[in-house]
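Consider the two complexes below, in which chain A is the common component and chain B and chain C are the respective partners.
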Partner chain A sequence: MKRYLKIFWLLSSYSIKTSFQHRLGVVSFLLGKIIRFTVYFFFIYFLVSRTKLLAGYNLNQTIIFFLVYNIIDSLTQMFFREVYRFRPLVVSGELDHILLKPYHPFLRILVGGIDPLDIIMLVPYLIILVFFILQAGMAILPVNFFIFLILMSNALILATFFHILVLAIGIFTTEVDHTILIYRDFARMASLPTDIYSEPLRFFITFVIPVGLMMTIPAKALFGLLTINILIISAAITVFFGWFSLSLWNNALKKYQSWGG
Partner chain B sequence: MIQVNNLTKIYKTYEKSGNILTDFFNRQYKQVKAVDNISFQLETNTLVGFIGPNGAGKTTTMKMLSGILYPSSGTINVLGYNPFEKKPDFLKQIAFIMGQKNQLLWELPATDSFRLNKEIYEIEDNVYKNTVNELVELLNCQSFLSQPVKTLSLGQRMRLELINSLLHLPKILFLDEPTIGLDIFAQTTIINFIKEYQNRYHSSVLLTSHYMQDVQKLANRIIIVNLGKIIFDGKLMDLIKQFSQEKTVVITLNKPISQDFSLPENIEIDYNYPLLKLKLKKDEINHILSLILKKCEFVDLTIEDESIEEIIKKFFKKTSSNR
Partner chain C sequence: MKKYWEIARVNTLQYLVYRLNFILWRFRNIINLIFIFFLWTNIYSTSSKVFNYDKAQVISYVLVVTLASSIVLSSRTSDIATEILSGYFINYLLKPVSFFKYILTRELVDKLINIVFTVIEISLLVMIFKPLLFIQNNISVYPVFIFSLIIGCLIGFFISLSLSFIAFWSSEVWAPRFIFFMLVQMLAGSWFPLDVLPKTIYNFMLLTPFPYLIFFPTKIYIHGLSVDLIKPIIISIIWCLILFAVTRLVWLKGIKNYGAFGR
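Right, the complex of A and B next:
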């Protein structure tokens, strides 16, 4: 474990070194993130200020849903940025070298390219979240906060399995970019409470592609709106996704054709 | 050290019909045997040349031996392991170097990649320092160690690739076209290095190369594959003895050949004054040369062996006509 952490640390520091070599890229990336966040933030703000409630949630609560979504989304992008660079590795056959190293390949192709720019964005998200929690005058019970942390961790585990699924599909089809974009589009639907969607869409994005479980449910825990059933279902879905994505990955390795000579 | 039995690899590919719609909706698949039921073994401290034309199955075989590819059938035992299981203890004892693929961190100096491999392979500090110093000196690359990899020439990069792959002093080396695209100087450096490394560390090396001189300089045993099958497995010298029946005689003449001069019709002659080139069977050299020496004035005469490429070509020609 210590060795894995050391390798992870080295890979992360190299990734940070590489990212900061391109100054213009850093500035435009951060600017893009800030603009997207601000536009969507004000969209929600103006929308819910007029309607007062969105699916039963007030303005502050809706913004908290949005902020929790942004934190989870940033954390997943921060950890799994390397997945976005997976396709060239498969197409060129350079994945071969990674498969031959005496460590689990996920260390490199899944979490081997920590994105420092997403770490930077996490800071304002957290500050704004705390601000809105205070603004809402919410008295968060310790038990609810504890469940919130557990569900956040569960969201990251689910996101890990999603990204493993993307890697496996990448080996089968050499298609990564669109798969990840589909995931992100669905995830974005959960930036607002999933209660706003009608069935069967709500069921679909909660249990089939469980972005609702990942993004919306943790915020509900903060409000103390969860039942034990939801927690059990969350755990069961995570276990199922884990089994499914890892099985697919092992199968993909057997089918890997090592293109590029 | 390496034991391969009845190894086969089948790829599933689709046949293009030329019609985009048919190819999309009614795709016809075919199975291609990249490696067809091959068996061989490799002992410790040997250097084997694995040669054959493009698509013969050389790289696919090496990729199965290293555990990258899953075999369709057959068994492989490398150092007592099943390679596809990718046990760390196994992976720590092998290295795979591919001439056309880069494994160094592209934007950073090679030393960063070395440090990463140090941790990955759990190399102790003093062993790491000694190995890096030794390999850097052998390959003479001190001057560009701290430059970002993307700014290096192919030859410089290849030298660093070798160091990066050999830091853990592997027992088995798979070298797939390590000199591809390199100029003659870089090629010589790499070939000499491989030889030196193998002598020093007594590792086993399986080498593929389209440059037959590389194979000739390094390997005393060769395995020739074609269409996925092994068609020759033995000493290079045996192949040369068996298939090198001719020598090329090159004569630099002093005067043009006179009209009345003639040689037996079965001799291949290339005459472009002042050079006269003849391909002669080994047993007729004495006789033909005495004829020439009587009739022609010359300033230089050399007798050359057939190139290894020519010999391999002949071998392929013979084996394909026997089928």
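Right, the complex of A and C next:
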């Protein structure tokens, strides 16, 4: 474990150094991310401040949903940026070199390219989240906050399995770019409470492609709106999703023929 | 002319080579459309009129914006940056085809494919969810709508092409394009009609080229013709001419700077 942490640390520091080699790129991408967040935030604020409610949630609650989504999304992108660079490894056969290394390939292809820009973006998200929680005058019970933290961790675990799934599909089909962006599009659907969707779509994005469990449910925990059933279902779905994505990954490795090399 | 037909045919076939890629790309469009469709539907669950738009108008706005985006924003010009950086670009200069006619053919194919599939996707959505739609009955609106779409296409084309030509000088080509897309999302009316914003902000936005990409054509479709349209139409034509001049200048300077490295 200590060796793995050391390799992770090394890969992360290399990744951060590489990112900051392109200073203009860092500034531009950061600016782009800030614009995207500001626009979306302003859009929601503008919209819900006029209508007062969105699917039964008031403005502050809707914004808290949105901020929780942003925090989970940023953490996910921060850790799993390397997945976006997986396709060239498969089509060039470079993946062989990674599979031969004496450590688990996920260390390199899943978490081997930490994105420092998302670390930077996390800071304002957290500050704005705290601001809106205070503004909403919400008295968050310790138990609700504890459940919130558990569900945030669960969201990150689910996101890990999603990315493993993308890697597996990448080996089967050499298609990564659209698959990862489809995941992100689905995740964006849960940037607002999934209650806005009608059935069976709501069921689909909550339990089948569980982005609703990842993004919406933690915020509901903060509001104290969850039942014990949802927690049990969340855990069960995460276990099932983990089993499914890891099985698919193992299967993909068996099919991998290093055709590009 | 025959060779450009052949270029169009080859480019169309290219889409079918990576079929899974193509299907996933279209699937993404459907997801995004569903998201924005449900968001607006929910907004109107409690009130019949928000921001001076009724539900049918806003849902129609979302659908027309989706169609307009597929026409105006679909572009293969971003590939040019990669081709310049890799050195592949030299092929265009050596082959007995006009570079600009080549990319225009490629653009037309791309837009045509986008239009066909977006119409299918929108039709599917309408058939499944059966939303109340606003249909523009005034026939004279349609030529103006199409004209503004063409202006939008030209503005988008020139901006995107200029962004790709940055590759003549720098390898940092994706970051400016990322900012461009963010600005389009903010200022082009992709998510909401810009005229719901406070008057001062809206008037300021009309001075930039972005609203003329997709918001303005869609507004013409929804609100019909009026004298208020004359000024924005003139501004959009001026932007089109300015951007043409800028793109031409960047091209002439860039091509002199081009060293075909990488080949």
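Convention: the second predicted complex is superposed on the first by the 260 of 261 C-alpha atoms of A that agree within 3 Å, B and C clash if a C-alpha of one lies under 4 Å from a C-alpha of the other, contacts with A are read in each partner's own complex, and residues count from 1 in each chain.
One rule holds for everything that comes next: a contact is a pair of C-beta atoms (placed from the backbone, for glycine too) under 8 Å apart; a residue touches a chain by one contact, two chains touch by 3 or more.
Computed from a predicted structure; not experimentally measured.
Enquirer: Check chain A with both chain B and chain C modelled on it and let me know: fit or clash.
Expert: Verdict on chain A: chain B and chain C fit.
Enquirer: A:D96 contacts which: chain B (first), chain C (second), both, neither?
Expert: A:D96: touches chain B, not chain C.
Enquirer: Report for A:I228: first if it touches chain B alone, second if chain C alone, otherwise both or neither.
Expert: neither
Enquirer: With the two structures laid over each other on chain A, which partner does A:A139 touch: chain B (first), chain C (second), both, or neither?
Expert: neither
Enquirer: Measure off the angle at the C-alpha centre of chain A toward the C-alpha centres of chain B and chain C in the combined model, and quote it in steps of 10°.
Expert: It works out to roughly 90 degrees.
Enquirer: For A:I182, is the partner it touches chain B (first), chain C (second), both, or none of the two (neither)?
Expert: After superposing on A, A:I182 lies in contact with chain C but is clear of chain B.
Enquirer: Looking at A:R50, would you say it contacts chain B, chain C, both, or neither? Reply first, second, both or neither.
Expert: second
Enquirer: Touch check for A:L253: first (chain B), second (chain C), both, or neither?
Expert: Only chain B; A:L253 stays clear of chain C.
Enquirer: May I ask you to decide whether A:L5 touches chain B, chain C, both, or neither, giving the answer as first, second, both or neither?
Expert: neither
Enquirer: Is it chain B or chain C that touches the larger share of residues in chain A?
Expert: Here the partner covering more residues of chain A is C.
Enquirer: Would you check which partner chain A:T18 touches, where first means chain B only, second means chain C only, and both and neither mean what they say?
Expert: first
Enquirer: Measuring by CA atoms in the overlay, how small does the chain B-chain C distance get, in Å?
Expert: Superposed on chain A, the two chains' closest C-alpha atoms are separated by 7 Å.
Enquirer: Overlap the chain B and chain C contact sets on chain A and report the shared residues.
Expert: Shared contact residues on chain A: none.
Enquirer: Of all residues in chain B, which touch chain A in the complex?
Expert: For chain B paired with chain A, touching residues are 11, 59, 63, 66-70, 86, 88-89, 91-92, 94-96, 98, 100-103, 105, 107-108, 112, 115-116, 119-122.
Enquirer: Quick check: in the complex, which residue numbers of chain A touch chain B?
Expert: 3, 6-7, 10-11, 14, 17-18, 21, 92-94, 96-97, 99-103, 253-258, 260-261
Enquirer: Quick one: in the complex, what on chain C touches chain A?
Expert: On the chain C side, the touching residues are 18, 20-21, 24-25, 27-28, 31-32, 34-35, 38-39, 41-43, 46-47, 50-51, 170, 172, 174-176, 178-179, 181-183, 185-186, 191-192, 196-197.
Enquirer: Tell me, which parts of chain A touch chain C in their complex?
Expert: Its residues touching chain C are 22, 24-25, 27-29, 31-32, 35-36, 38-39, 43, 46-47, 50-55, 173, 175, 177-179, 181-182, 185-186, 188-189, 192, 196-198, 201.
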